[in-house]
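Across the two complexes that follow, subunit A remains constant while its partner is subunit B and subsequently subunit C.
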Partner chain A sequence: MNKGEAKYRRERLDRGIKARSDTIYAIASRGDMLYLLLPRVLPIFVAFVLPLVVGEYWIKVIVYAAIYGLLALSWDFLASCGLFSLGLAMFFGVGAYIAGALNYYFHWPVVVTMPVATLAGAILCTALLSPVVRLKGVYFAMITLIVPLLLSRLVVATKMVGGSHGLTNLTGFGNEWFSVYFTVLSLLVCLFIFRRIIRDDYGLVMSAIRDDDRAVMSAAINIFWRKIQVLFIASAVGCFAGAFMCHNYQFVGPSVFALDYSLIPLAATALGGQGTFVGAVLGSAILVPLSEALRAFGGLRVAFYCVILIASIILLPEGIFHYMARKYHQIERLVKS
Partner chain B sequence: MSVLIYGTIQSVILMLYAYGFSLVYGISGIANFAHGGLYILGGFVTWSFMNYLGIPYFLSAVFSVAVMGLLGFVLYWGLLLRIRGINLSELVVTFVAGIAILEVLAWKGLYGFYYNLPVFVKGGITIGDVAVDYQRLFVLASGVVLAGLMWLFIHYTNMGLSFRGIAQDERTALSLGIESDWMGALSLALGSALATMAAILILPLGVLEANIGYEVVIYAVTVSIVGGLESTSGMIVASFIIGFGQIVVARYVGSSWMVIVPLAAIVLILAIRPSGLFGKYKEIEERI
Partner chain C sequence: MLKVEHLHKSFGGVTATSDVSFELRKGELLGLIGPNGSGKTTLVNLITGFVKPDAGRILYKGKEITGKMPYTIAGMGIARSFQMVRMFYNLPAFKNIIIPLCSGRVKKRRGGRYGERDDMAIELLDEFGFERDSFVPYKTAGSLPHGYLKRLDLARAMALRPDVLLLDELFSGMSMSEVAATLPMLEKLNGEGLTIIMVEHRLKELFRVANRVIVLNYGRKIAEGPPDEVMESDAVTTAYFGSETEGPDSESATADQGDSSEQDTREIVSKEKLLEVNNLTVYFENALALNELSLEVCKGEIIGVLGSNSAGKTTLMNAVSGLILDMKKKEARRGGERIVVHGEIRFDGKEITNLGPSKRVKRGLVLCRERHPVFRDSTVLENLRIAGNFRKNDEVKDSIARIFEIFPHLRSFKRRTAGLLSGGEQQMLAIGMALVTKPDLLLLDEPLLGLSPVLQSDVAKAIKDINSKGITIMVTEQFARTLLPIIDRGYVMGNGILVMGGTRQELAEDPEVRASYLGI
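So, the complex of A and B:
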């Protein structure tokens, strides 16, 4: 150990502007307002302007990023309640299959199939997983990992809803501008709602269940019922993403249960930072375009992904968003110890 | 008769799949989702020893078990040690490491009939009126022997006793001079070696394909959950229930319905007895 380290230590301090404008609600100047507004308004502005400047191909990428962002939000919402899911593909797939089947067999229009798939899918997923919410952490993760894999095998084996060929020729959106702004808007609305929920009393109970569920139980709160509610909300978001994607592809097959839909939201949240929802969106905004750029590597793409993910977890366990927020709000300096 | 024989063989195969997974979880509390990846990698390492270096089969099997054990050790020491205790990160890292292994192997072209391991003994016999090939009988026998050896190892050697100590109470074990990180790394090494042994035994029955890794991890997790995650005997019983269930379904309903059995078993067990057949924890709230 060298002498400099022994004498000095790092200290983090909130910037004065944060102390003034964040907690005390005494916004003194335009600078303070800007300090608060800029990190909130700028990303929204970018999200709306970006589709106008990039080409047709990258518009599709933005749609994917927004859809994965929705899934990542759903994951993060579950995780805020202590439910670590490895099977987001289940929500995605169930939503996609319900919307696809309604459209394929009954020729219902998109306006009907998407809300129906969102609600019915959420009810179905919640019902399927409701015995499992009693489990926590790794146990819940293991069950949710295998359920979508088994569901996809079920579809192939029983030849229900199209079997391994899937359902084709579903109604599409036709208009790229509509799909890109629709998904970006849904993502932002969902982000806004989730952030409101988590700051509310309801969110307080959720985090308490994650941290110490017995304390919550002793406060006479039915944690299983709470977890089922959380599961319902999260699966509704996942099913919505699935229903949208099935109309966007105009196709639904067993691949909607693929590991990608479980892995990428998880990776995005781990990269962006868990617990604030913004991290989840930020992570998918980084990861999905990156994965498009890695397309040149072909089959190795997923492996690269995995390596990036492991590296980011080990080197920056808190996530990019928390790191950025710290740099934005705090100064670091060396002080004598 | 054929249901009896093939059911037993299928059960032993499931047990071999799940053994390493269950062991690692029981000792170090890590759900090693990389198990399927290690399984296939073990098969591939054996294949490479034979075909690139020209080492005879049995020798390369021994070598690859050693190499894979070392890899499991490195996986723990290099990656998992740094994030020990963060549940989410442990989960993600093992899961993702497994996928990385499988994807790299798939990229290297590990599918189709080109890659396969030879059977130990060619041919087969007829028991009653059922034809069984020797390899399946060999899997059966060695599965039983392996389970017996593991039982002896866990119960009568110093290292096995330390494993059990860590599994039962980490703090007390620490105070007796058993280092938990060392034991965790060794347990992962052992789990990885067991996955490789299972691969060497079972893979000659089919082809060496990257996709099998996912199946292996599904079955390993299913069997372990149904049996109760901490319990080896529960794992063995569960593999027999699911194995026989699968063979019965394949025989009387149709082989494409075999995948329903693990799903049904999981749903049933979670509805009736969420801690698994032989799970130690009666209180579900304790299952953190």
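So, the complex of A and C:
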């Protein structure tokens, strides 16, 4: 230990509510109330006000960000249970195709196709993946990576549901204000539900399965059934995002199985911070607009995008959200020792 | 209650269990003993469904449970603890207990509304010595000392309200006082009608409570009966304690005598200091792990560091090997626990206090960590090559040949995957891996942990062998019995400070050491 370090050391102090334990706290003043509410209410407020102040183009970007946010939530939810997926495009694509096909062939209205696509898609995805929930880590990831590629090939090769041309002229929403508020609201609702689940004993079992599945098995819990439940919830969210997007574009084609839909949510979660869900949303709220803003650089856009991503992951491996939360709750200062 | 018929299991050509049959009666406490690698843990895994048998049947309450999933078997009332504790280290201790409380088996009987399980878990932990009003149940499992984790594992198994409890080496790594506190709990549970199977190396404690004992060797059952009877049979003593000695108590005595003749030659050990630790202090966020600790190691010595669990032995080893700097960096990066290290460490005359662990290895200071960490998916030979990565190829070849001389066992297993080796063999491999790097000072952290008596003396012998090739050794241990005969000098630690230090004779004659570490 060198001398400079010996004289001064960093001290971390908790900020905020004084009267508290791990689970209970007492709000003693208006300051405490603000301390708790501000980080929760402010982002929601911003999310609702932002579409009013930005232009038409950026409203579209907000819709994309929210959709990627939903996919990132889906990824984070799976990861909380130890299921590391590289194939969110599967959920997205299956949802999109079911909604699109119902609308194209049977002319079902959007109010029907979306819930049906969400549920039926979730059942289909869960059924497809349930045989592989026994696989762990990289093996599960590999299967999930392959399935969407396989599905897109299947659609092109068999020329079913529009083949490589896709299904066009689907019913749209017709109203940008509706699109943007509907997606933002869905994202927030999903976020709250997921956070509620993960804080409950159900979420405790999920994270325990991620940490050590053998120990969970020895506690008489059917981990495979649990994983299938988690898979169902996560795929429902992904399918919902897909169903929405196909009506938003008024088009569905094999591109819905593209790698983008698998990897951007993953990158967003890595950037924002895994495990809290807020990080996943925050990550996509940063990544998607950033990628739009970099369009000015033309061909170099992707390179810049990657550099920013790599830099942030090296500098803040824990994720932006964890870093911000720590800075918010703690003060660091140097003290003489 | 439980009936096992002609059970057979082999892993990649190695027979772990062969034709084992026994019956377990309700309310019984059955001991399961045998040397390392005799198939005890495999048997536990077979019964609890973690491993599927190749042949044979397991019946529980008249129903066949062979090949059922572990959670189904646990749900039927067969709970287990793990030899290597498997905890959810990021969760607070009491949250670990909530997992079994969420299972169908417990849910059906008792409620589980929000927060209710928290109270149930804390209540249960209170019974197992985690006082409700202390901080202990709320601390993360990863920050608890090993003895607590073992009891936490027991509590987690008991949360299922099982009818049969399988304990896989519950006492390994527990201190004398922890064992003394846990034994009555088991007796009480057994008295309340719980059927227990205990896999154990601590025979003295086991025999106090067991009704019946089964002895395994090379996967076969070689004896069965009441404890005293079993211990008298010749087959058992030969298999378990080695042929030349009659029992665990006489063993250390004979070793002691054997050594005293050598005593004079040992006196000439050079007085040149190899390692000096001055005023070493290590704080963790809330706890003082080492307090102004000073010690020295001379060239050619074997130094023993004795102390109970959480005395700071492992922290000392981590500090000397430099691993603590790595931990400190990692924790600082993710904003976790703050670790502060003060003091000075000198090795071979040069200060190394701020040197990283890998640089220390290159200078000849190597640590073999606790609980024999090996690369489980690589073969024995690969493990040794990985460890010798930074040495030249020829040198590594030489060292590996020498290691096989010290551990002839390993030579015959050199193409076998390390994860398939028994605990004792893995320990030898771990020591071998440390030796490949050609250390001047070898640090061994609890190398005897979880080994059977005969293997303990094997490893102790190996330590002497290694030392005679000119390598200085510092070794930590909880129980002095096997260690004391081989060391030149020893230190006794307690709560992060040195309680005493001295030569082997001084330690052996000290009444306090005799009482707390020799079990006399």
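The criterion applied here is as follows: the second predicted complex is superposed on the first by the 305 of 337 C-alpha atoms of A that agree within 3 Å, B and C clash if a C-alpha of one lies under 4 Å from a C-alpha of the other, contacts with A are read in each partner's own complex, and residues count from 1 in each chain.
Just so it is clear, a residue touches a chain if its C-beta (ideal position, glycine included) is under 8 Å from a C-beta of that chain, and two chains touch if they have at least 3 such contacts.
All values derive from a computational prediction rather than experimental measurement.
Participant: What does the overlay on subunit A give for subunit B and subunit C, a clash or a fit?
Facilitator: clash
Participant: A:His107 in the overlay: touching subunit B, subunit C, both, or neither? Say first, second, both or neither.
Facilitator: So A:His107 meets neither subunit B nor subunit C here.
Participant: Quick one: classify A:Arg196 as touching subunit B (first), subunit C (second), both or neither.
Facilitator: neither
Participant: Which partner does A:Pro317 contact after superposing on A: first (subunit B), second (subunit C), both, neither?
Facilitator: The answer is both, since A:Pro317 touches subunit B and subunit C.
Participant: Quick check for you: in the superposed arrangement, does A:Met142 touch first (subunit B), second (subunit C), both or neither?
Facilitator: Only subunit B is touched by A:Met142; subunit C is not.
Participant: I'd like to know which partner A:His165 touches here: subunit B for first, subunit C for second, both or neither.
Facilitator: Neither partner.
Participant: Who does A:Arg40 touch here: subunit B (first), subunit C (second), both, or neither?
Facilitator: neither
Participant: Figure out whether A:Asn222 sits in contact with subunit B (first) or subunit C (second), or with both, or with neither.
Facilitator: second
Participant: Regarding the shared-chain residue A:Ala303, is it in contact with subunit B (first), subunit C (second), both, or neither?
Facilitator: Only subunit B; A:Ala303 stays clear of subunit C.
Participant: Using the superposition on chain A described above, determine whether A:Arg214 touches subunit B (first), subunit C (second), both, or neither.
Facilitator: both
Participant: Of subunit B and subunit C, which one touches more of subunit A's residues?
Facilitator: Larger number of subunit A residues touched: B.
Participant: Between 386-394, 494-502 or 512-520, which run of subunit C pushes into subunit B after the superposition?
Facilitator: So the stretch of subunit C that bumps into subunit B is 386-394.
Participant: In the superposed view, which residues of subunit A touch subunit B and also subunit C?
Facilitator: 214, 217, 317
Participant: Quick check on the complex: what are the subunit A residues that touch subunit B?
Facilitator: 79, 84, 86, 131-132, 134-139, 141-143, 145-147, 149-151, 153-154, 156-158, 213-214, 217, 259, 263, 266-267, 270, 274, 298-300, 302-303, 306-307, 309-310, 313-314, 317
Participant: Which stretch or stretches of subunit B touch subunit A in the complex?
Facilitator: Those in contact with subunit A are residues 31, 33, 79, 82-83, 86-89, 91-93, 95-97, 99-100, 103-104, 106-107, 214, 218, 221-222, 225, 229, 256-260, 262-263, 266-267, 270-271, 274, 284-285, 287-288.
Participant: Which positions of subunit C touch subunit A when the two form their complex?
Facilitator: Contact set of subunit C toward subunit A: 48, 50, 69-72, 74-75, 79-80, 82, 86-92, 95, 98-106, 112, 114, 117-118, 138, 156-157, 159-160, 333-335, 338, 340-342, 353-354.
Participant: Quick check: in the complex, which residue numbers of subunit A touch subunit C?
Facilitator: Per the stated touch rule, the residues are 1-2, 6, 9-10, 12, 22-23, 200-202, 204-205, 207-208, 211-212, 214-223, 317-318, 322-323, 326, 330.
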